[in-house]
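Order of writing sets the chain letters: A, B, C and D. Residues in each chain are counted from 1.
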Amino acid sequence: MPQGSVLETITAEEARRVIDAAAAKATEIGQPMDIAVVDAGGNLKAHVRMDGANIGSITIAVNKAYTAIAFQCETADLQGVTRPDGPIFGLSDAHGGRLAVFPGGIPLVRDGSIMGAVGVSTGTIEQDQEVASAGAAAY
Amino acid sequence: MPQGSVLETITAEEARRVIDAAAAKATEIGQPMDIAVVDAGGNLKAHVRMDGANIGSITIAVNKAYTAIAFQCETADLQGVTRPDGPIFGLSDAHGGRLAVFPGGIPLVRDGSIMGAVGVSTGTIEQDQEVASAGAAAY
Amino acid sequence: MPQGSVLETITAEEARRVIDAAAAKATEIGQPMDIAVVDAGGNLKAHVRMDGANIGSITIAVNKAYTAIAFQCETADLQGVTRPDGPIFGLSDAHGGRLAVFPGGIPLVRDGSIMGAVGVSTGTIEQDQEVASAGAAAY
Amino acid sequence: MPQGSVLETITAEEARRVIDAAAAKATEIGQPMDIAVVDAGGNLKAHVRMDGANIGSITIAVNKAYTAIAFQCETADLQGVTRPDGPIFGLSDAHGGRLAVFPGGIPLVRDGSIMGAVGVSTGTIEQDQEVASAGAAAY
């Protein structure tokens, strides 16, 4: 057996704080959301589907958070470049169905390092982004 | 647009209560766990990976909860019957890698109906079952 | 854009050192191997398929390294408990085909934390384990 | 047992030479990259994720190299024809998420035969193409 455990980059307490802040914003704007937090390796740390949020958005929220880790950017930054006339059109098809290239995924940054990411889905992309931002601000 | 939203069978508040009760038991026995709650449709409602729990157990916990819904039983009930000399040996291969046929997945029952399920993974199967039971008892 | 980049847990130079040490051992015992190194998140950092190694072992080597991260142990430790009469028989079916439950995957540990893992495949399990150990010792 | 082993089309030494040349160019232009080399069967021969390169680009780099073998061309050649107004729009959806239809994947050619391919990802498509070209030139 190894003499240690896998290095953690985000705690369950931090993940809950991010989710609670995002959920509070979602409640404030009256739009239930799926909210997911992943660690720096893109692995799920916590998730909640608020009452009324989409079942289809479970995976979208997780994939938005994963994508923010995978490309070290907000998913919103991928939207223009992956459109039909963009330089990397087709990106979302090139990774086995795990990428989301529209707003709602935001890295969680500390001291210059991305330690995790939050992904939000169910509302409009403006709402998803606003709620994800509220979550990220609580990290 | 439809005149309604998808019927919910478990609330986010209930799911959190189940997770918190399971996490309290996990802390008590000194074994961090992945804990997942799904609704009656087998879709993820909430998940948390406690600090120190396995990354590989994210999927196992979700699949245990899914399996408890999928076959309307505790995952522990599937263990004997799916062994090489059992009547449904091979079951775990028959559903695209989504089934877990060992202890740790328990249905959440109310008034004779299964409303959701909890799945727990990372510890021994005895620990997983004990922690899942503590979660189910809080439903 | 975020003000930082994803936290790294293992460098490319370290990964190459591990691979080169493993490959040297593989050459010494006359058995070409697939050798993969993943980071603490289970994501591929480097891979080489030595001349003569199995094409099918590309994925097995990567999955062995992933499994060592996913369950915070050597893959050899999973062999007994997942056998037909073991407590978690069926584990290898419960994670979408990403788990390898036989020897050849070993965590890379530093200061009590698992920072990555090495996975080796193509030879016998004794050879795979020996070559992975040589790689891990060079970390 | 067969009287032989699977025909190899590219050696590990050649793959490393291609990767090292690509990595040197990546360092020169200040853009860390994922770099993958596959053989004539489209199977991974070697991969490295340079420090700072995208986790999401592991798969993209591998898929660019695979795509260059799969369609016997540079991935850049697929970009125009797969756009919404192109003759094979939809191609990237037609192969289970394994195709990349933008620059960065280049065949490795010897004596008129494609012996393998290199795929590069993380930078802009111009950077990916430049780094892949440097790798291919070293073959």
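Observations on the structure shown:
Just so it is clear, contacts are C-beta pairs under 8 Å (C-beta built on N, C-alpha and C of every residue); 3 or more make two chains touch, one makes a residue touch a chain.
Everything numeric in this text was worked out from a predicted model, so none of it was measured.
Mean C-alpha positions place chain A and chain B at a centre distance of 24 Å.
Chain B and chain C have centres, each the mean of its CA atoms, that are 29 Å apart. Of all residues in chain A, those touching 2 or more other chains are 5-6, 41-43, 69, 72, listed in ascending order. Arrangement of the chains shown, judged by which pairs touch: an irregular graph that fits none of the line, ring, star or complete shapes. Listed by label, the pairs of touching chains are A-B, A-C, A-D, B-C, C-D. By the touch rule above, chain B contacts chain C in their complex via residues 54-57, 59-60, 63, 79, 82-84, 92-93, 96-102, 124-125.
Looking at the complex, you find that chain A touches chain D at residues 41-42, 67, 69-72, 84-85, 87-91, 93-97, 99. Across the interface of their complex, chain A is touched by residues 5-6, 8, 11-12, 15-16, 41, 43-52, 55, 58 of chain B. If you check the complex, the residues on chain C that touch chain A are 1-7, 9, 39-43, 69, 72-74, 77, 106-107, 109-115.
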